[in-house]
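Down below are the structures I want you to see.
In the two complexes that follow, chain A is the common piece, with chain B as its partner first and chain C second.
Up next, the complex of A and B:
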C-alpha cells in the first residue's frame, strides 16, 4: 500500500494545487462552519454592510489593494522569469571570446548593445568543422535602423529561431533582410543602417549601403522580434570588411565560410546534433582562448541569485497584507462599537453571545472575502498591465497570469485573516449589555 | 408564594411574577431598587410610574434578566431568573419575554418584516418559519401588513413602534415588558399603540408590565405601581 506521501506525489499537478487551496482554506472554512452553525445572520450582516457602505467599501478596497500588490508582485516575477527563459530557449550554446557570460548573453540573446572581443576565423573554422555541430551561426551586431538592431547571421539560424517566415522569403543576397515580427518596416522596403545604438548612432556611417526587406519572421517572444536580420556577410561588407567568402565565390552567402576571408565574430550560436552533444561541445570549447556557455544555465544562476530577493518580496507582500488586515480588523473593533446598541438589542431579545459573535465575524469575513476576491482580480489585471509594459520596454514577451501560486497565497491569507476576525467578534460579545442598550 | 401558570381558551400560557427581597445596587454599591415583595398574576397588566430616577427602568431590566440583582428572588412562573446564568436568562427572554423600548431600537437598513422577525435570525432552524409567519401576522394585525417589506427608515414613529411591538410578539411571549412605549409617539399614534398593548393580556393571558409616564396608558392597565427612590410607594388598581 502506498504511503500518503507516495499517494500525494502520484496525484496530477492540478489536483495537488486544488487540494492545496482547499487545505489552506480549510481553517477558515471550518471556523466559519463552527461559528455560523445553527444561525442565519445574513440579513443582519447585509444591514451592517449597508449601514456604513462607504467605510466598508474603503476597508474592502484596502484589503483588495494589499492582496493585489502581493499577487501582482509574485505573478510578475514569475512571468518575467518565464519570459526571459523562453526568450533564451532557442539559444542552445553560445561560443565567444573569454569574458563575461552575462554580458555576452545580454548581447547575443537579448540584443543589448555591448562591446565584446571577436572570435577569430580559425576559431570559427574549428567550431564549424566539429563533427558534433549541426550548425554554427556567427552573429554580428552593432548597427541599427530606427532603433531596431540590425543583426548579421545565417538563414539557418533565422529558421531555427522563428521557424517558417510569416511572410515573404528568406534573404538570399548580402543586401537583403528579414524583419522581426514587430519591426515597423514593410516587406519590399529598403533601408540604410546606422552605425551604433540609440542617440549616438551614426546615421550616415554606412552611406550607400542598403538592405531590402524580403520577408518577416514569426513572433518569438524575444527581443529578436524587433530586430532586422541580415546575412552576416552584409554586416561585414557595410563595415568595409571581407565578407567571409573568396571574391571568386561571387554573391554567395551562408556557410561554409572561407577562413581567409572571415573577419571575426563576437559570438557563434551553436547547436549540436544531439542534446548530449551540447554538453560535449560546451566542455570542449571552454578553454583559455574561448568560452562556451548555455544561456539557460546562466539565466538559472541569475534566477537562483534572485531567489532570496524573490522570497523576501513574497514575504513582504504577505506581511503587508496581514498588517493591512490587522489594521482593518482593529478598525472593525472600533466600528463594532457603533453597532454596539444593535448588538445589545439582539442579546436583550434573546440572542446568545454566540450569535452576536457570529454576526460580527460574518461581517468581518464578508469584508475580507470580498477584498480578497477583488484583490485577486485586481492583481490579475495589474499583472497583465505590467506584463505589457515590460514586454514593450524589453521586448521579452512577459505573460504574467494568476496561477495556482497566487490562488494559494490568497487562500492562505483568507484563512489566516478569518481566524484573526475572531478577535473583533470576541470583543463584541464582551461589551456591557445594559450600557450599550442605553447608549 | 409563587405565581401559577394560567392557560387561556386559545391555549396561551401566561407567567405570573413573584418578587421577594429584591435589591439592585449600582457598581459602587449604592442601592438603586429595593422591592420587598411583589406579586403579579399571570394575564394581568401593570403600569409602573414615578419620577425620573425612581428606579422604574432598572426594575424592568431586572424583571427581564438584563440586570442581575444583588439579593432577592425574581420568579416568572416556576423559574427563578435571579439564579440563572447569563446564557440561561438570555434563553428565558428568547422563549418567554417580549421587550418594547422607548426609541424602538430597530435596524434602519432592514425591512419592517425583517425587523419584526429578528428573532428568526438566531432561532433554531425549525422555528424560523414560524417566527416569520407570526411576525408577519402581527404586522398585519397592527396595520402594517402591506408595508412590512419597506425599510424602516421610511416609517413614521408610530409605525416603527408597532414594528417593535410585532417584534416583541413574534416569539409568542408569556411576558411583555415595555419601557416608555409611547414616549416617542404623537398622541394619535400613542393612543393606537395603547389600544394594541392593552388588548394583549386580555386576549392571550399574557402578563404586561409597562414603565410609563403616559396617563392614557396607565388608565388602561389593571394595576398601577408608583415608585420613588427605588421603592414601590403605592400599589393601586386601575
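Up next, the complex of A and C:
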C-alpha cells in the first residue's frame, strides 16, 4: 500500500495545486461554517456595509493593495525568470575563448555589447569537423545600425533561432541581411553598419559597405528580435578581413569555411543531435584554450543567486500583509465600537451573543474576501503592466500571469485573516450591554 | 607454495580491474580509465547527485551507462536542463567517452543520480560506488561534502 506521500506525489500537478488551495482555505471555511451554523446574518451584514460604505471601502482597498503587492512581486519574478530562460533556449552550447561565461552569455545570447577575444580558425575548424557536432554557427557581433546589433552568422543559425522567415528570403550573398521581427527597417532597404555601439559607435567606419534586407525573422521573444543578421562573411569583409573562403570560391557564403581564410569569431553556437552529445561536447571543449558552457546552466546559477533576493522580497510582501492585517483588525475593533449601540439593541430585543458574534465575523469576513479577490485582480494587472515595461526595456518577452502560487498565497492569507477576525467578533460580544444602550 | 600462489592469483583476479587507489580515495584508476574527485553534496532527502572527473586514457572508447552502490542501489546518468526557468535533470541512457577524452560530471551539467536513499547523507560520509563502463567496472569512493558545496574538497589537486 502506498504511503500518503506517495499517493500525493502520484497526483497530477493541477490536482495537487487545487488541493493545496482547498487545504489552505479549509481553516477559514471551517471557522465560517462553525460561526454561522444556524444563523443567516446576511441582511444585517449588508446593512452594516452600506451604513459605513466609505470606511469599508478603505479597508477593502488596504487589503487589496497589500495582496496585490505580494501577487505582483511573485508573478513578476517568475515571468522574468521564464522569459530570460526562453530567450536562451535556442542556445544549446556556446564555445568561446576563455573568460567570463556570464559576459559571453550576455553578449552572445542577449546581445549586450562586449569586447571579447576571438576563437581562431584552427579552433573553429576542429569544432566544425567534430563528428558529434550537428551544426556549428559562428556568432560575430560588434557592429550596429541605428542601435540594432548587426550580427554575422549563417543561414542555418537563422532558421535554428526563429524557424521559417516571416517574410522575404534568406540572405544568399555577403551583402544581404535578415532583420529581426521588430527592427524598424523594411525588406528591400539598404543600410550601412556602424562600428561599435551606443554613442561611441563609429558611423563612418564601414563607409561604402552596405547590406540589403531580404527577409524578416519571426518573433523569438528575445533581443534577437531587434537585431539584424547578416552572413558572417559580410562582417569579415566590412572589417577588411578575409571572408572565410578562398578567392577561388567566388561569392559563396556559409559553411564549410576554409581555415586559411577564417579570421576568427567571438563565439560559436554548437548543437549535437544525440541526447548525450551536448554534454560530451561541453566536457570536450572545456580546456585551457577554449571554454564551453550551457547558457541554461549559467542562467540557472544567476537565477539561483536571485532566489535569495526573491525570498527577501517575498518576506517583505508577507510582512506588509501581516502589518496591514494587524491594522485592519485594530480598525475592526474600533468599528465594533461604532456598531456597539446597534449590536446592543440587537441583543436587547433577544438576539444571542452567538448571533452577534456571527454578524461581526461575517462583516469582517466580507471585507477580507472582497479585498483579497480585488487584490488578486490588481496584482495580475500590475504584473501585466510591469511585464510590458520590462519587455520594452530588455527585449526579453516577459509574460507574467497569476498562477497557482499566487492563488495559494491569497488562500493562505484569507484563511489566516478569517481566523484572526474571530478576535473583533469576540470583542463585540464582550461589551457591556447597558453602557452601549445608553451611549 | 604452489597453492599459495594460486590463492594469491585468485585474490588478485577477484579484485575488480586491479583498481589502483592513491591512498586518499580521491583517485581510482584501471586499464587507463581514471576517476578523480568523486563527490556529492550532503542531502536532506532520498536523492543525491554525484559528480566526478573521468579520463579515458585507454586506447579504446568506453561508454558510461550508470553506477551502483555497494548495497545495490542503482544510480542513473542525468543531464541538466533549464526549461522555462525550471531546473530539471533528464535521464541519459549512456555517455560514450572516446579514447583520450575526459568527461566532467559537474553541478547543473551532468551527474549520476542516486535515488531511494534510506538515510540522508551528511558531510564526511563516504559512498562506495561501482561505475559501469561498457564491459568494465570501476569502484570509486564518493566523498560527501557540504550541502551547498560546489566541488570536491580536494578539487584542483593533481593526482
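Note that in this section the second predicted complex is superposed on the first by the 439 of 439 C-alpha atoms of A that agree within 3 Å, B and C clash if a C-alpha of one lies under 4 Å from a C-alpha of the other, contacts with A are read in each partner's own complex, and residues count from 1 in each chain.
We take it that a contact is a pair of C-beta atoms (placed from the backbone, for glycine too) under 8 Å apart; a residue touches a chain by one contact, two chains touch by 3 or more.
Note that the structure is a prediction, hence the values are computed from the model and not measured.
*Asks:* Output check: A:430 vs chain B and chain C. Expected answer is one of first, second, both, neither. What do you get?
*Replies:* Neither partner.
*Asks:* Of the partners chain B and chain C, which touch A:37 in the superposed model: first, second, both, neither?
*Replies:* Touch status of A:37: no partner.
*Asks:* Between chain B (first) and chain C (second), which does A:342 come into contact with in this model arrangement: first, second, both, or neither?
*Replies:* First partner only, chain B.
*Asks:* After superposition on the shared chain, which partner residues are touched by A:393: those of chain B (first), chain C (second), both, or neither?
*Replies:* In the superposed model, A:393 contacts neither chain B nor chain C.
*Asks:* Do chain B and chain C touch any of the same residues on chain A, and if so, which?
*Replies:* none
*Asks:* List the residues on chain A that touch chain B in their complex, please.
*Replies:* Within the complex, chain A contacts chain B at residues 38-41, 43-44, 46-48, 50-51, 341-342, 345-353, 355, 433-434, 437.
*Asks:* In their complex, what parts of chain B are in touch with chain A?
*Replies:* Touching chain A from chain B are residues 61, 64, 66-67, 86-87, 90-91, 93-95, 97, 99, 101, 105, 107-110, 114, 118-122, 124-125, 128, 167-168, 171.
*Asks:* Can you list the chain C residues touching chain A in their complex?
*Replies:* Within the complex, chain C contacts chain A at residues 79-87, 90, 92-97, 101-104, 108-110.
*Asks:* Quick one: in the complex, what on chain A touches chain C?
*Replies:* Against chain C, the touching part of chain A is residues 78, 81-82, 84-86, 88-89, 275-276, 278-280, 282-284, 286, 294, 296-297, 299-301, 303.
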